[in-house]
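Two complexes follow with chain A in common, the first pairing it with chain B and the second with chain C.
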Partner chain A sequence: MDAVNGTATMLISNYVFPNDLHVHWSMMIVLYPYITGLVDGAFIIAALYYLFDIKSLKPLARFSLLFALAFLCCATLPLLLHLGRPERNLNMLLTPSPSSAMAGFGYIYAVSMGVLVFIVLFVYRPDLVVLRDTSKGLLKLLYRAITFDSRDLSTYSLALDRKIIRFLVGIGIPIAAVLHGYVGFIFGGVKAIPTWSTPLMPVIFLFSACLSGISAIILAYIVIRKITGRSIDSDCIKTCIKTLTLFFILAFAFEMLEVFSHSYLKSGYHHMVEGLLNGPLASSFWLWQVKICSVIPLVILGVMAFFRMGRAMYHFWAAVVSAILLLQVLIMRWNVVIGGQLMSKSARGYTEFHPQWFDKEGILAVIIVMAIPFMILFVLSRIFPFWTPDNETTVT
Partner chain B sequence: MKLSYRLRLLIVLISLGVLTGGGLLLKHLLLPDSFGVYGPYRANAIAEAALVPIRHGTNASCFKCHAYEAGIHKTGRHQTISCEFCHGTYMDHVENGRKIGTLPVKREKQITTLCLRCHNTEIKARSELVIKTVAMPNHLADQNVKLTHNCNQCHHVHAPLKYIIRAKQMTRWTEAGR
Partner chain C sequence: MKILDPSPKMNRRSFVKNVLNGTIAGSLYLVWPMGGDSLEIPEQIPGIRDTAYDIHNQAFVFIVDITRCIGCGSCCVADKREYNVPDGNYRTWVERYVKGFSDQIYVDCPNGGLDGYQHPRTDIDEDIRDTFFVPKLCNMCREAPCVQVCPVGATFISPDGFVLVDEKRCVGCAYCIQACPYSVRFLNPVTRVVEKCTWCYHRVRKGLLPACVEVCPTGARKFGSMRDDTSEVYNILKGPGVLTVLKKEMGTWPALYYKGARREVV
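Now for the complex of A and B:
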C-alpha cells in the first residue's frame, strides 16, 4: 500500500487506477522486439545475397547469417527472464490454442531457428569439410557431425547445396518476416493499451527491425574489420547503406504517419496519446527518437547519397549513422513498450517508470542479456570463420 | 560407412521428421487427460476448484451470532461493506457453528490506517459518487482537533455517521442538501 501513502504518489498525475501504477512490462520486454529485430535485419542482408543475387553483399553474407544466429539464440531470453516461473513456458507450447498468441511465437521461433541453423550449415559446408581435416579432438568430432560426416565436395553436391540454400533462404524470408511481424502483432493485439492496439504495429515493427539489423551488421562489420586490421569492402558498405536508407525512410515514415493520422482523425484515445507524447514521453519521443536519432541520420544519409566522399570518410559516417539508428530503434521500442504503459486505463492519468539497476529486469540484466549474443558470436567465430579467404586482405 | 551425400541428406531429413513426430507424441503424452474436453484447459480443474473450501461467509453469516454489531451495522452507512474486509475470514473464526479462532481486531492507529485504505483522497481512481474520501491531516484540522485523533474517536466504525448525525440532531445543526 505504500503506493497510496508513500513516495509513488508523487510520480502519478490525474486518475491512475491502482493496478496501472506499476509498469509491468519493463526493460526485458523492450529487449525482446529489439533482439528479434536484429535477427530479422541481419537475415535480410543474407537473403539479398543468397536469394536476390546482390553480389556486392558477398563479404557480409556469411557474417550476417552467424550474427542472426547468435541473436536468435537469445531472442527468448528476455521473455524467460520476465517470467516469474520461466519453466512454465513449456506448458504454453504443450497446449497451444488460437487464443494464445505467445504459443504461436514459440512455434514460429522454433521453425526459424531450425531453418537458420541449416542455412548456416549448408553455406559453410565447403569450409567445414576443409576445417575438419585440419582440426583435432572434440572440434573434429563437431565438424564431422555438422558436415553430416561427408567429405563430398563434388560439383554435383555443391550444386545441390546451392539449391538447398536457395530453398531454405526462400522460406527463411517469410519466416523471418512472420517472426518479427508476429512480435508486432503480439503488441498490436493488446487491446487495453491504445498506443499498441493498431494493425500498423506489425508493419512498423518489421521495418524498424530491418533497420536495426542492417545497422548492426554495418557497425559490427566495420568495427570487427578495423580491430582485426583487415580491409573494408567499400562496395559492400555502399549497398548496405542504400538498403539501410530505404528501410529507414519506410520505418520513419510509418512511425510518423501513425502519429499524424491519429492526430488528424482525433480517433478514440487521441487526447490521451497526445498527452502522453507531449508529456511523459516528450523528451524520449520527440527529442530523442524523432529529432536526434531520426532527423540527424536522415541528413547524414542524404549527404552520403548525394555527395562524393573519400572511402575512409564514407566508412566513418556509415559507422556513425548505423550507431545512431541502432539507438533510434532501441528508443522506439522503449517508447512503444514502456511508453504505452505509462497511461492509465482510466484514460486520464499518467504514471512514471523508473528503471532499477539490480532488478531481475534491471539495467544490469539488460547489459548482461545484450552481452550474451556477442559471446555466442565469438564462440561461433571459432567454429565458422566469419570471412571468406578472398576478402582476407589486410590493410597495410 | 560409405554413403553418398544425397543419402546422408535424406537421413538428416528423415531424422528431422522423426524428431517432429516424437515431439508431437511427447506432447500428446504430457497433456493432462481431461485437457480440451470443454476448451483449451483441463476440464477436471472445474471439479477441483469446486472442492476448494470456501473461506468467506457473508455478512448474514456473522449476524447470527453478533446481533449487537448487526443492529448497528445494518442501520449505518457501512451496511454495504463486508465485515470480513475489516476482520478476516469466516473460515478462520467459525467451524460447524462454533467459534474456533479469534479474529484480529484493529485498535487505535491501525483503525486510521484501515479507514484510509478506502477513504484516502490520495487514491485518485475513487469517484466521490461511490465513496467519500478525505485528505489527511486536513480532515482533522477542519474539525479543530489534535492531529493525533483516530477515526473511531468521532466515527463509529460500524456505522460511521452514527455519532455525527446524532450530534447534528442535538445541536439542531443542519445543512442544506444533507
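Now for the complex of A and C:
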C-alpha cells in the first residue's frame, strides 16, 4: 500500500473528474474480448491438427471448429448491446474512419467469419454428402445447399479438399491472431488510461485468448463426453493440457511483466496503477486473478506434467484446471476493462463500479449473451456431427 | 368663453377601424422575432460578421486565467442552460484546489461547480498555503485522440480548428470518452450519443463569444481570434507571460491555454 501512504501518492486525495464517475465500458466490453478469445483459442486447436498435423488432436479438431463458429456468431452481440445507438452500427462498415483502431473490427470480423465457415464446410463435406442422402425434407435441402449440391467424394476431390483446408487454416491463423491481437490493441491504443496504454496489451490478449479457448474446448469436451456416456481420448487431453500449459505460462508471464514494469519504472501515472491494484482491484486482481486462478492452476499443471496419475484422475484435474483458467481469463478481462476505467483521469482518485442485474449491460444480459453460443452450438450439433465414429474406436 | 364640443370627432366606424389596426399592429409587434435574433446582438468577436468567413484561415484561442477565477459557477450555469446539459454530466466545470503546507493537494468539485463555491472546505486538517479555482472545458487538441479513435468519423476537427461531434453520425461506442485525457466527454443519456464542449461553435460563427466567456464576471475565461491583433488573447499570447497546457506529455497539443496554472493542476 505504498501508493496510499508513501510520498508518491501525495497527489491522491480521491478527486474524480465529474464525467469520470460513470464507467462507460461495462460488462459487455468485458465479454467482447472474452468471446473473441474463446474463438481464437478453439481455432488454435483445430489449426494444430489441420495445419501442423498434431494427430492426437483429431477427436477435438472438428468440435473446436464448431465451438469457434458458435462463439464467433455471437461476438458482435455484446457490442450491439453496448452501443448507445446500435441502429447505426453499420456506419462502422459503411463509413469507417481509417485512423481508428475500432473501425477495422467489422472487416476483420467478416473475414474471420468467412474463413471459418468455409473451413467448417470443407472439413465436413464428406459427412454432409452422406447426411444429405440419409436425411429428408428441409434438412436435406440444407445439406444440398451447404455442399453446394456437390456429391463428388472421389479421391481427387477429397485430396483437393484437404489442400483447401490447409490453405484456409493457414490464412485462418494470422486472421485469428489479428482478430484478437487487434482487440488487445483497442485497449493498448488508449494513451489516456495508464493500465491500457502498453504495447504488451495485444500480446497479453492474444495469449490469454488462446488460454481461454483451449480451456473451454477441454472442459466442453470432457463434460459433453461424460454427459453423453462416451469415452474420453486421453492422448488428446494430454496434448491439449500441454498446449494449455505453454500458453498459460506465456500469458501469466506477460501479465506479471506488465505489473512489474509499472512498479519498477515508476513512470507517469504509476502511483495510480499501484493504488488501483492495491485498492479497488486488490481482491479481483491479487486474490482472484493471481493467487486463486493463476498460482493454483500453475501448481496443478505442474503436478500433471511431472507426476504420473491415473487416467480418470488426469481427466478430472484437466477439467478442474480448465474451469479455473476460464475464470482467470474472465477476471483478467474484468480487471483490464473495468479496472482501467476506475482510475479517474484526474490522477487523484478512483471511481466505483457496481454491476446491475437488469441493465442493458447487466448481469442478466451477460448470462443470456453467454448462453446463446451454447444454443447455437446445440443447433450446429444437429447439422454437423461433433464426433466421427472412428473417434469411438480409437479411444484408448 | 370657448365652449368645448363634447361630441367625438371620430365616428364609430373609424374608431373601430383604428382599434383593429392597433390590435393587429400590436400583435405583430409581439410575434415579430425582435431581439431574439442573435445577429441583433452587437458583435463580440470582431471581424466575423463584416467579412466572408474563411473557414480555412482561422485561429481561435481560449485562455483560462486561473488567477482571476473566483469560483462563482456562472460559467457552468450558462453552459448548462445553453445546451440543456443533463444532470450529472458536464461540458465544463470548475475545480477548487487547496494546497496545504505539507504539499498535499485537495481538490473537489461538488456538482461540477454549478452552485458556486460559497463555503470553505472544513475537512482539511492542516494550514492552507494556497487555494485557487480551475475551470475545465474541451482542450480542442490539435492532435485530438478522440478524433483519432472515433470509428465512424463522427468526431472531427473542423477546418477552423474546433473539435466537434456530429450527433447524427455518432454510434455511442464511447471510445472517444476513453481516449480523451481530460474527461470532457460524456454519453448523453437522452440522445445516447457523445457530447462535449464546443467552445460554443454556433455562437462563434455568429460573432458571439462562448456563453461561459460572456458571463464570466472577472474575465477568467478569454476567447478570441489570433487573426485579430487587437484581441486580448492575441496580446496575451504575443506577450512574455507564461502560459501552459494540461497534460502536455500526452502530445495532444491543446488550443486551450492556462494562465497562472500551478504544476499540480491536472
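Brief remarks follow.
The rule is short, and it goes like this: the second predicted complex is superposed on the first by the 379 of 396 C-alpha atoms of A that agree within 3 Å, B and C clash if a C-alpha of one lies under 4 Å from a C-alpha of the other, contacts with A are read in each partner's own complex, and residues count from 1 in each chain.
The working rule: contacts are C-beta pairs under 8 Å (C-beta built on N, C-alpha and C of every residue); 3 or more make two chains touch, one makes a residue touch a chain.
From a predicted model like this one, the values you see are computed outputs, not experimental measurements.
Contacts of A:Phe17 after superposition: both chain B and chain C are touched. By the touch criterion defined above, A:Leu83 lies against chain C but remains apart from chain B after alignment on the C-alpha atoms of chain A. Residue contacts after overlaying the shared chain place A:Ala101 against chain C, while chain B stays out of touching range. Contacts of A:Ser150 after superposition: chain B is touched, whereas chain C is not reached.
Shared-chain residue A:Met92: touches chain C; no touch with chain B.
Counting the residues of chain A touched by each of chain B and chain C gives the higher count for C. Of the two partner chains, chain C is the only one touched by A:Lys191; chain B is not. In the superposition on chain A, A:Leu160 contacts chain B only, with no contact to chain C.
When the two complexes are laid over each other on chain A, chain A has residues 15, 17-18, 95, 97, 99-100, 344, 346 in contact with both chain B and chain C.
On the chain A side of its complex with chain B, the touching residues are 1, 4-5, 9, 12, 14-18, 93-95, 97, 99-100, 114, 148-150, 152, 154, 157, 160, 164, 344, 346, 349.
On the side of chain A, the complex with chain C involves touching residues 10-11, 13, 15, 17-22, 24-25, 79, 82-86, 88-89, 91-92, 95-97, 99-103, 105, 186, 189-193, 268, 341, 344-348.
Listed in rising order, the residues of chain C touching chain A in the complex are 88-90, 93, 95, 103-109, 112, 136, 145, 147-153, 169-175, 177-187, 192-194, 249-251, 264, 266. Within the complex formed with chain A, the chain B residues making contact are 1, 3-6, 8-9, 11-12, 16, 27, 30-31, 35, 39-40, 116-117, 120, 122-125.
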